[in-house]
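Each of the next two complexes has chain A plus one other chain: chain B in the first, chain C in the second.
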Partner chain A sequence: MSTVAPARDRGPAHRAADTGRPRRPHRRLSSSLSSLSWSSLLYVAPALAFFGVFVLYPIGVSVWYSFYAYDGLTVGTPVGWDNYTAVFTDSQLRAALLHSLLLLFFYAALPVSVGLLLAGAMSRIRVYGLTLFRAVLFVPQILSSVVVAVAWRNLLAEDGPVNAVLRAVGLGRFATSWLGNFDTALPSIGVVGTWVEYGLCMVLFLSGIVAIDRSTYEAARLDGAGAVREFFSITLPALRPQISIALILTVTFALRNFDLIWNTTRGGPGTSTTVPSLYVYQDAFQNRMLGRASALAIVLTVVILLVVVAVQLLLRERDGTRSGPVRRGLARRGLERSRLARPAGKKAQS
Partner chain B sequence: MRIARTESVATHALLVLASVVAVFPLVSIVVSSLDGSSGGLSLSSYSSAWTQGRFGSALLSSALVSVTVVVATVILASLAGYALATMRVPGGRIILGLLLLGLVLPYEVTVLPLYEMLAGWHLIDTYWALILPQIALSVPLGVLWMRSFFASVPQELLEAARIDGTSRFQTLRLVVLPIAGPALTTLGTVLFLFTWNEFLLALILVPDNAAVQTVPLALSFFSGAARSSDPAVTAAAAVLVALPVLLAYTVLQRRLISGLTEGAVK
Partner chain C sequence: MKSVRREARSGVRPERAGAPRRAWGAAAAVALAAALACAGCSPPGAGKTATAGTQSFVTEPVTTGQVAALGDVTLRMWADQAEKPLMKSVVPAFEKKYPNVTVDITYKSFDDLVATVVNAASGSTPPDLFQGNIGYAVDGALVKAKLVRPLDDVAATYGWLTGTGASTLAPARWNSAGTAFGDGNLYGMSPISEVQGIYYNKALLKSLGLQPPQSLSDLEKQLPVVEKAGKQPVMLGNSDQYAATHIFSDLAATEQDPTAIRDWIGGKANTTFATTGNEKAADTMADWAKKGYFGSGYDGLSNEDAIARFAKGSGAYFVGGSWNGAKLDPEKFGFGALTTGGAGATASPWHIAAASKATPAAVAFLAALHTPEAGQKILDTGRLPVVTDGVRAANSLQSQTLDALKRTIAAGTQVGYYDWSATDMLTVMGGGLQEVMAGRTSSADFTKAVQDTWRKARESK
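Our next item is the complex of A and B:
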């Protein structure tokens, strides 16, 4: 459910709050803003109750389970950190983590790169039919992963269209049962992931490019900047917030990744496409190793949170450091925009 | 000029290629679903899928679950988002922090205790097992979304209502919500999409009761069981599952894209 990441650039918001304009005088009159309003909890309580009971409490239980050897039926025995040690030493689980790393390339690195290249090319021309392209490119995002799995199982089947094309162009010796072959199954699933994500990345980057001031490009061209220079000094820095979001969305998708694997290969053939979330499900609901399943789920959660934090830190806008006037201008525009989204001063009060 | 022209043509060609790749898998299942056994076009696969896969009942289950989750979440999120944007909520910072955490959290970490809890309440294999957790999982996105909308409502409007002696709840109901239509529609569309497509929760929480199973789960079981049988029928089933979402997408495309992308940017 958390496909839409927060990815809110909190930096500028805080800065907007700090540099906030002098408070408007009528604020002082507003009792609802000058003192804590306990009755406001009535508005927040129903949502928080759901969130607490069905999300926060289960997480707490998971943490608790992760320190026990527990089969769900008999009383568990405390085992300290053993379940966590198992996550990193069990050869099967380690293999699953490695598979996830390879999938990161296909699910995150590749779509973001393809998206950036195309967006960079599109920034240089007037695009006709932009709305239509956007709508079509976004289609993979709205389909259920089960539908995606059915479609790609057909495409990649022994007698499917992909092999038909290979045979037609004389590459028939490469034709294989892509998802059933030990060597090709994992990269094939990777390709499906790339397909799911590249449109999202492009649409994200396009929305960023539209916001870039055209005169920046004109100025760069007058200064004799070529396409490559233009991309690296204008487009790429300006897209930093969108790249950050794209990475958070794609990396989270890659690390979770249960639906697609379950509906294409179930981890097979053999264990060639296993991923951590698959073991979370199997250990919890088939092998009755609830403690280990919980520890693995916690590790997965922590890894995802660390990645999100790392992406935010690495790609946050650093004005002042190494920034020319163009970059600083863009940074300031970003700040303006976030001030529009969240009126200044509000954050400081809440 | 000439170079610019070439570049424009090349970029458009790339775009067309990227778009064809994006829809090709979908088109391919539509084509194979229409592939009659005698070679001609036929809709027989659809009727087979409808009867064998019980997709009529699955579509109803999906609609019931999705609509309930969307309506409940939108109500809860409007209340909480309104308070967080316009009032000084005690512990507001902590609440916001928890909600932000909830946005990126892989819910895999909750499913095992969730199963045990719902089993304890005898709710496994009922609609409630799908509805209650999905409302909770939609709360972070919903509240943060509505909060940022309410924060963009001009202060003057709220002040004017207050000076007129309107209570805070009435201000929400009579002043703010009437102008929240676009924000609510976008949020509703995004949540509908997520709920409609949800797979893992259904697999875990309603595993044995075909009567309440949603379409992604029904399709997964059906295509798993039918792997060796007629691929045209499986394809038809997949098209049936995708169709409602595709219809909603054609109507609300702009809103959905902006909800899924700009929602993330905010």
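Our next item is the complex of A and C:
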């Protein structure tokens, strides 16, 4: 603690000159408000202003509206927590949330698995034209979601290519109007989501794999590890940060998913593909119930944040930072990781 | 070894130490933003003031002199992009007659227009003249917030209250609170009308030895014949959930008094959707769906795709409305109404902003839309005018459609659309019909769900 106190009194200029001592603890603790430097704030001011106006302010407005019955035009009437009660008691919304949870599997779990599989395969097998494959597999991620929706609407149509293939291989009895059938609509939209997201996951994982020291693979192979063992013992643990990021992105995408559904089924047939964000749109823009839409949007945001925090905690737990027996066991892995990340012998970042 | 471990520790721990602090920071930022946005926590919308009441009353048709007195002025308009062909012929003539006026139109797709026009109208510089949409979500909101000018004086001055188009003004009439329509002050005018009915493929019917259906019972006799011949009887694309509601309303209008339907749509007290006529219509829909008259996979096909397929020759019938006609070859397809008239409505009405500073020019523009000349141009561009006197059709499909419209208006069966009755009615009814047609809900449960939505909408007013 004694090394900390002086740091508070030092300005940034002084700190820059101070090269002889390990600086990280200082910088970390000096992030408290007391050492907030106005000149450094100036550098982030434009970004901060942008963030404030286009992110924080709208969130604030949503929170404010969520306590009123407001049509966007005439003076709103305060309703207390009524809008929130409505969100939690509406049976249609509960059904929509269940649909979202099922979509989590298709939008997050599947893309990450497929991405891992592809990345693992691509890193081990020498593929000619790898760049091309990588680019092509990434394309779904760059396409506008409206384009994706229209394309898949045609692919999955009663007389579309998917059914044509099924019929060609003698599976014609399974052919159906995929998006128009009460039982297949939701999984079909899920598959579209998988198709959109797996490219992103794969590219993330490939970049992670590149950073793995090849010598660890050699060592593993010398020890007689096969492809599967190599994948689970080296690739998978090393990719934990990338998996965490991929999950955060895909989970967010899954829970706030709107455009794909709006442009394929509009929540139908019946209510079989409704999701919460669909109701946010309908309440805000069709029903002019901005209060209820805001409340639902806030709840949805909190749910997404909670899930993301849970994902982060789950995947960060083993970073070798805990004290006690767990840490000792895991420190080894942390050690492995730091070796993987930086060639041994190179000095700690300073 | 030691150095590595220390590095690992110092490299990671700060993140953990920082996490809760960051969370608090984020929470504080959101709270701050909420406080800023809340601005003393007055109710939202409190700062806005309506600017109605500054308009002068129109007693004589607007003269070129009155418009010229505005000086060089831009008439700012928002319109559905479907109006573009009509505007292309109306605007140049208007600008020639009133040289000091420049017309500036922002076109939007129907969905975009409906979603944004109310916000545009409530902004500080609203468009002078814009299209709304009948029902509570758009027109009702505009009237309630006093954003549009009443047009009773204009209608009386220009003679809209007499002649063929007079009854088409009803859906643009509202009570002053914006809570019920069909009666009351006039707030909008649409020069375009719509009629629902059934399109048929002439060649296909002829090859099966069938005459164009004149009534619902004709159609019910023909459907199995077409089906047995291995052709799809009715082309339907219902993924947008609204196409089937049009078929339903055609069937429902044959089963009951059109006035009762219109009253229910307008929100008249003590009316109900749970009638035997509506249940029967829903049962017919389910029956047709079960018998395969709509083909399979209609819930996965969009209405746009369905009309394109019908235009290419698949399907013997297409139940829709005059707005679909522009996409069909007038030589190959015919149109008929199922009832003595057929259901229908007016298209999105035009409104004059209460805050407009170019009201005389806006009035003159509306008047120019409500003329036989404009009516002819409307028909020429593939739609139906409300002013039908002296308007001549160019082909048999147009004259059939125009004929159906005239009979509809005369018979009083222009009931409007069900989804006008509540802002979320299209979703409830469209989704509900999908369930009925798939045999997942009974027609009684369907009409009850629709009535519940209607009742909730009334209670929240």
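As a convention for this text, the second predicted complex is superposed on the first by the 262 of 350 C-alpha atoms of A that agree within 3 Å, B and C clash if a C-alpha of one lies under 4 Å from a C-alpha of the other, contacts with A are read in each partner's own complex, and residues count from 1 in each chain.
Heads up, the rule we're going with is that a contact is a pair of C-beta atoms (placed from the backbone, for glycine too) under 8 Å apart; a residue touches a chain by one contact, two chains touch by 3 or more.
Just so it is clear, the model here is predicted, and its values are computed rather than measured.
Q: Give one of first, second, both or neither to describe whether A:Glu158 is in contact with chain B, with chain C, with both, or with none.
A: In the superposition, A:Glu158 contacts chain C only.
Q: Of the partners chain B and chain C, which touch A:Tyr70 in the superposed model: first, second, both, neither?
A: second
Q: Spot which of chain B and chain C makes contact with more residues of chain A, would you?
A: Of chain B and chain C, B contacts more residues of chain A.
Q: Quick one: classify A:Thr271 as touching chain B (first), chain C (second), both or neither.
A: Second partner only, chain C.
Q: So, A:Gly80: does it touch chain B (first), chain C (second), both, or neither?
A: The answer is neither, since A:Gly80 touches no partner chain.
Q: Does chain B (first) or chain C (second) touch A:Ile59, or do both, or does neither?
A: A:Ile59 contacts both chain B and chain C.
Q: Applying the document's definition of touch, where does A:Phe285 land relative to chain B and chain C: first, second, both, or neither?
A: both
Q: May I ask you to decide whether A:Thr252 touches chain B, chain C, both, or neither, giving the answer as first, second, both or neither?
A: first
Q: Have a look at where A:Ser177 lands relative to chain B and chain C in the superposition and call it first, second, both or neither.
A: After superposing on A, A:Ser177 lies in contact with chain C but is clear of chain B.
Q: Once the two structures are superposed, pull the chain A residues common to the chain B and chain C interfaces.
A: Of chain A, residues 24, 56-57, 59, 61, 65, 72, 153, 157, 285, 290, 349 contact chain B in one complex and chain C in the other.
Q: Can you check the complex and tell me which residues of chain A touch chain B?
A: 1-9, 24, 26, 30, 32-38, 40-41, 43-44, 46-48, 50-51, 53-59, 61-62, 65, 72, 118, 121-122, 124-128, 131, 133-155, 157, 161, 195, 198-200, 202-204, 207, 241-242, 245, 248-249, 252, 255-256, 258-259, 262-263, 277, 280-281, 284-285, 290, 293-294, 297-298, 300-301, 304-305, 308, 340-343, 346, 349-350
Q: Contact residues on chain B for chain A in the complex?
A: Within the complex, chain B touches chain A at residues 4, 7-8, 10-12, 14-15, 18-19, 21-26, 28-29, 32, 76-77, 79-80, 82-90, 92-93, 95-96, 98-117, 132-144, 148, 151-152, 155, 159, 162, 168, 190, 193-194, 196-200, 203-204, 215-217, 219-220, 223-224, 231, 234-235, 237-238, 241-242, 245-246, 249, 253-254, 256-257, 260-266.
Q: Show me the residue ranges of chain A that touch chain C in the complex, using the header's touch definition.
A: Counting only chain A, the residues touching chain C are 22, 24-25, 28, 31, 52, 56-57, 59-61, 63-65, 68, 70-78, 153, 156-159, 176-182, 185, 264-271, 282, 285-288, 290, 319-321, 331, 334-335, 338-339, 347-349.
Q: For chain C, which residues count as touching chain A in their complex?
A: The contact residues of chain C facing chain A are 3-14, 16-18, 21, 29-30, 32-38, 41, 43-46, 48, 114-115, 118-119, 122, 137, 141, 144-145, 147, 238-241, 295-302, 305, 423-424, 427, 430-432, 434-435, 438, 440-441.
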